[in-house]
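Shared chain: chain A. Partners: chain B in the first complex, chain C in the second.
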Partner chain A sequence: MNISIPVVASLIILGLLGIGLYALLAVRNLIKIIIALQIMVKGVLVAFILAGRLQGDMATAQSMALVVIVADTIVAVVGLALAVQIRRHTGKLDTTALTTLRR
Partner chain B sequence: MATTLLLLTIAIPWVGGLIVWLVGNKHASLQHRIAVAFALLAGGAGVALIPYSSSQIVVNLPLGSVFGDFTFVADGLGVFLTVVATVIGSLAVIFSVDYMHGEDQLGRYYAMVLFFIGAMSGLVLTSNMLLVFFFWEITALCSYALISFHNDDPKAVAGGIKALIITQIGGVGLLAGALLLFAVTGSMDFNALIANPALMPAKWLGIMAFGFLIAAAAKSAQFPFQTWLPDAMEAPTPISALIHAATMVNAGVYLMARFYPAFKDVPGWTTAVLLVGMITALMAAIMALVSNDLKRVLAYSTVSQLGYMFYAIGAGGIYASQFHLFSHSIFKALLFLGAGAVIHSVGTRDMRQMGGLGKQMPLVRAVFIIGGLALAGIPILNGFWSKEMVLEAGLAHAPIWTYIVMLVGAGITALYTFRCIWMVFYGQPQSEKHVHDAGPAMKVALIPLAFATLTSWLLAGSFGKLLGPETLPSHGIEISSLGEVIHEVLSLPTLIALIVIALGLAAWWWRGKLTGLSNALKGIGKAAADSFGFEAINRGIVKGTQSAAEALRATQTGLLNWNIFGIIAGLIIVLAVVIFGG
Partner chain C sequence: MWHILIMAGILLCAIMAIRTKRLLVSAIWLAGCSALVALFLFLLGAPEIAVVELSVGAGLVTVLFVFAINIAGDEVLPSHPVISRPLAWAVIAVSALLVGWLLVPGVNVAVPGLPESQLSSTLWQARSLDMFLIGILIFAGALAMLGLLADGKKESVES
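And now, the complex of A and B:
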């Protein structure tokens, strides 16, 4: 298998998505969950650029990536704000503290 | 001009509702006046639409390329139901001035009523299936909010939730049909489908037809969904008159009539509509006979009369069904508002505690009797003509045994109507309470309705023209003059029907001598008082749902990781279906 840019990019995408997914499933610390989300979004960004290159439409891909970066920043900010509130409220950063609706 | 008028008919009540709500509950008399003014304006706009119905005004609100335009068409059927909604709506609002006098939270009340009137006009005027669904759900939500208006009364809250859940079950059928229409024809506009049913392959058309039948049956409280309407009687009485007698429950009949040209060749569809109507008409009439709650009697009679309309559609009598809808809206609104006047002054809905009220409330008695005679189908009131048209349609195009069942239903209708009138207005007074007469606003609302009950049948010819081939080319309604209706009604079957109705009347007159018969039928009466087991079925479904929810509670761990796993598993399944499912 010759090593070309699309292959490398695909491997990066899969790696980032896989790491992020594993962390989402395994980690219970809220800050770490937000980091995991960020890792996954970075994988998605690379995927956009790769798709743009393969389709020959880099402009659309880049604009999409920019939109995702902005949206993703907002997600991170809101997520961190929620994490702060949860920490103040429960004294923990652990998602197991958020199961109070369960009977 | 005409397009503005069409949009105004929908917009005026909505704007009015917003203003009434914003004015605030501290200015009650101002709220009354604003509500009446906007309701009357909407009524005027609705009536002003009538001359435009034959010119087929089409209003397109462009909404991008996905769902196509939001189209409104002012054709005969739509304009007719708009007039019913806005005019009877304004009378109900006028009546409310007296009925709701001194209530808290009038803003919420009037806002919901006006919002409902606008949504009902929109529902019947649009030809975009997506909008039909939206307006359909808005009317259901307004109905729910108004049934539960007295939200400190557990019965009212329960009745509202029951109505909401059952009509939502129907809403699923409507949504499925709408999505099918979009998926197969690529457009949400249904007028093309009505003009040419071959646009949809037979199997999809069949699913759509029966989905719409479920939606219509749930909305119009038809078998097997009839249980919500009697419980909806916890609403303030003007609401029962407007929403649960004259307009919203007619939405199902409207839907069936509107789509009749598209669905009539679907195998089994007309028979299903016919049987749903027949079963409902008979069953609800028997239940009305054993109920002692004044408003529940009227609710059961509404269910029963809606059954007559379904029956007429099943038999192909679109004109008969819509004409009966027209008459029924008028005389049932009259009966409900009359009942509201009685309940308002007596303070109870139990007919066993009434009796002898005629002397104190002569006007209410007079208009209630007019409405009752129309309900029973006594000539020459409007109910007589339209009910005979329904029966004629059944005799001409339906199996003869269904006609006989409907005749029996007509007899029972006469029987329970006279039982109701007798228990409320005649006999010995059952309570010592002082009874005051109806207020002036109540009378203002009652008198036009009573007059219309006496005379609206004279409009049969123009009504036929309104629904004629000029505006509804696919429906094939040919009646264009009063003479044709009179000619069709004055025949031997009508005489038979009148004899049956007279028998029902006689049965109430000689009820003392018929104790043997009534004892023999006690079993049926007891079953009817238990709503023929449908309440038990409802309770069973609720219980089953609750225990299933309890059992599935274990899957809700509340853990974020577990939820993410669920989301991703679902995503993988969807992806797999999309990729491998073809």
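And now, the complex of A and C:
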């Protein structure tokens, strides 16, 4: 079986984005939502590098991917800090328990 | 052949990170996913980013997750989704079609040889604004870490 690298990379991008999006829509745990975001961003990273490879401009793709990695890490830190504070104040990590609006 | 095995490993780790009930195990699967993504990035011809992804994605972020889970507790929630599963699958199918539509023209393009990587000159000269942004982001991350630790310190002083 001979599958080219761009095809494999495209399948990885589609898979990671799909798994992350499904988790974002279906999961209720705050920390798992951050994990889902991390999974989606890994798909975006592969997409950046694949685009750079196909365009022959790896330096720009790598510099943009570096910014994405740093931003993703900061998003994880801020999200985890929020999750910990919410857990301390409400005692739960469930997103559906956070609303104060009556149904 | 190696690429397909790595792809299978990445997708398996991602699925297990979502499906596993315990958060700590989930974080470990995510670290495995990061490590395999780093390996794939290396094979794609981006060794610098692969090293950063391996150290930050599989190292630092995993430590942060374990730290936060230890503080917040490993809460297992019932598996009732926020929205109905058919609707979630429909959204994913539409998104996959759109992304696939963007990807298909690029897949058939012949891959050029690996270009000479000049990351340092591009990063420090052509994209110096990005470095400024990274500095601000790191500062924001340090503030968020203080927020992560602040109340715990207060509680320990009160007790």
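In this text, the second predicted complex is superposed on the first by the 98 of 103 C-alpha atoms of A that agree within 3 Å, B and C clash if a C-alpha of one lies under 4 Å from a C-alpha of the other, contacts with A are read in each partner's own complex, and residues count from 1 in each chain.
The rule is short, and it goes like this: a residue touches a chain if its C-beta (ideal position, glycine included) is under 8 Å from a C-beta of that chain, and two chains touch if they have at least 3 such contacts.
Not measured: the values here are computed from a predicted model.
Chemist: In the superposition on chain A, see if there is space for chain B and chain C together, and answer fit or clash.
Modeler: fit
Chemist: Kindly classify A:25 by the partners it touches after superposition: chain B alone (first), chain C alone (second), both, or neither?
Modeler: Both partners, chain B and chain C.
Chemist: If you count the residues of chain A that each partner touches, which comes out higher, chain B or chain C?
Modeler: The partner that reaches more residues of chain A in the superposed model: C.
Chemist: For A:96 in the superposed arrangement: first (chain B), second (chain C), both or neither?
Modeler: A:96: touches chain B and chain C.
Chemist: Closest pair of CA atoms, one in chain B and one in chain C, after superposing: how far apart in Å?
Modeler: Once the two complexes are overlaid, chain B and chain C approach no closer than 6 Å between C-alpha atoms.
Chemist: Check chain A for residues that touch chain B in one structure and chain C in the other, and list them.
Modeler: Touching chain B and chain C on chain A: residues 21, 25-28, 95-96.
Chemist: Note which residues of chain C are touching chain A in the complex, please.
Modeler: So the residues of chain C in touch with chain A come to 1, 3-4, 6-7, 10-11, 14-15, 17-18, 23, 26-27, 30, 33-34, 37, 40-41, 43-46, 48-49, 52-53, 56-57, 60-61, 64-65, 68-69, 71-73, 75, 77, 80-83, 85, 87-89, 91-92, 95-96, 99-100, 103-104, 106-107, 109, 111-112, 114-115, 117-119, 121-123, 126-127, 130, 133-134, 137-138, 140-141, 144-145, 147-148, 151.
Chemist: Taking the touch rule as given, give the residues of chain B at its contact with chain A in the complex, in rising order.
Modeler: Answer in residue numbers: 553, 556-561, 564-565, 568.
Chemist: Would you tell me which residues of chain A are touching chain C in their complex?
Modeler: Per the touch definition, chain A meets chain C at residues 1, 3-23, 25-29, 31-32, 34-36, 38-39, 42, 45-46, 49-54, 56-67, 69-74, 76-78, 80-81, 83-85, 87-88, 92-96.
Chemist: What residues on chain A touch chain B, complex-wise?
Modeler: Against chain B, the touching part of chain A is residues 21, 24-28, 33, 95-96, 98-103.
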